[in-house]
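Chain naming follows the written order as A, B and C, and within any one chain the residues start at number 1.
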Amino acid sequence: MSIEARIKELGIELPPAPPKGGIYKPVVIVGTMAYVSGHGPYLADGTMSKGRVGSDLTLAQGQAAARACGLAILATCKNELGSLDRIKRVVKSLGMVNSAPDFYDHPKVINGYSELFAQVFGADHGIGARSAVGMGPLPGNIAVEIEVIFELV
Amino acid sequence: MSIEARIKELGIELPPAPPKGGIYKPVVIVGTMAYVSGHGPYLADGTMSKGRVGSDLTLAQGQAAARACGLAILATCKNELGSLDRIKRVVKSLGMVNSAPDFYDHPKVINGYSELFAQVFGADHGIGARSAVGMGPLPGNIAVEIEVIFELV
Amino acid sequence: MSIEARIKELGIELPPAPPKGGIYKPVVIVGTMAYVSGHGPYLADGTMSKGRVGSDLTLAQGQAAARACGLAILATCKNELGSLDRIKRVVKSLGMVNSAPDFYDHPKVINGYSELFAQVFGADHGIGARSAVGMGPLPGNIAVEIEVIFELV
């Protein structure tokens, strides 16, 4: 099944492609590698999920924000690549959590994103190498920011 | 116009290539991809711009520090590659801002670097994928650190 | 001398390959590039070195933790690649230090990792491009996390 068909089957609704927040390109392609800029949890209504996970936000809210980063990345890639079917697999992600000083479950937060990509791209091609860490603050106090490298077909 | 000629025309003065601050190579080339180590805001007098943006430093000072990171990267690449004309385009940058806890304008800070590269390499090839985030502290309390992947000619 | 033989000669004992802490692959290979997920200081007894460097831990303890990250990466790569002799060289590392707010010697911390790789892979191939910065907190309050890109033979 194609990626586009799987997204429909899963009932996943993509937000609009997020507007750029600075001087950068959303995606740069070199050969078959697509470098995707850091994406925040851009929601369908144009707002972003904000706050520090572990104090302002619960783990579950952080996971939802990480999933929203993934949806925003998909929206950007559909816009930039024409079709998500051009994506072969997830290579490497950096998951950045806007973290309370004593919150340590960043991998669980970023799993909200990784579960989405495993559903969309499949359990082999949808799961890549990853680092998931706390840092911050993040731009606009967003809860999570994720950048990714895809391999294209 | 060549990159080297454009730098002259723009009146840009590069600092000396910064000394290494640890066990690493300034640039590693694999095929046509050049991986450049994180660079701080190394100034022509051998000092570094220091402090947290949003408390010790203003946004404008942070932007100047980000631009200085870019100039230091250019100095390193000229030294390592022989000529900046070997660089085809900016692929991906990670802009790390030494941030006050309540400062959220990291993309604006890193624009100081991205504007420089857009001038030097042109509005298409000079603008790449990017993440621009707060973290820290940074080594030696420097204000900004930036790493980049270039594609070579 | 092969990498495997050099490790024996140096008397280096690898820990078991660390268990995964989330939804990711330890290593993803694209062509001759191996993207290795972020690794913590996983010790032979299955525990991790924890705490902030500069307050909970000394510089020397931080360096030992960075070396432990390198050993864990070697254990993972031996497991995933079959043999470390498939690794040609270190391309790019990101060294993330769980840092006290006023600790600034992150490059010295990450040198504990870079010295190990220089010994194991040699002074040319074992030293790559690098960024070494403070951030945090890190998952499970581990002291250091390091991700790396290797070029394979």
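Heads up, the rule we're going with is that a residue touches a chain if its C-beta (ideal position, glycine included) is under 8 Å from a C-beta of that chain, and two chains touch if they have at least 3 such contacts.
Because the structure is predicted, anything quoted here is derived from the model rather than measured.
Two copies of one sequence, chain A and chain C, touch each other mainly through non-matching residues, since under half of the numbers at the interface are common to both. Taking only C-alpha atoms, you rotate chain B by 120 degrees to land it on chain C; that is to the nearest 5. Inter-chain spacing, taken between the CA centroids of chain A and chain C, is 25 Å. Looking at chain B, one finds that residues 94, 135 touch two or more other chains. Across the interface of their complex, chain B is touched by residues 21-28, 30, 35-38, 94, 96, 135-141, 145, 147 of chain A. For chain A in complex with chain C, the touching residues are 33, 89-93, 99, 101-108, 110-111, 114-115, 118, 127-135, 149, 151.
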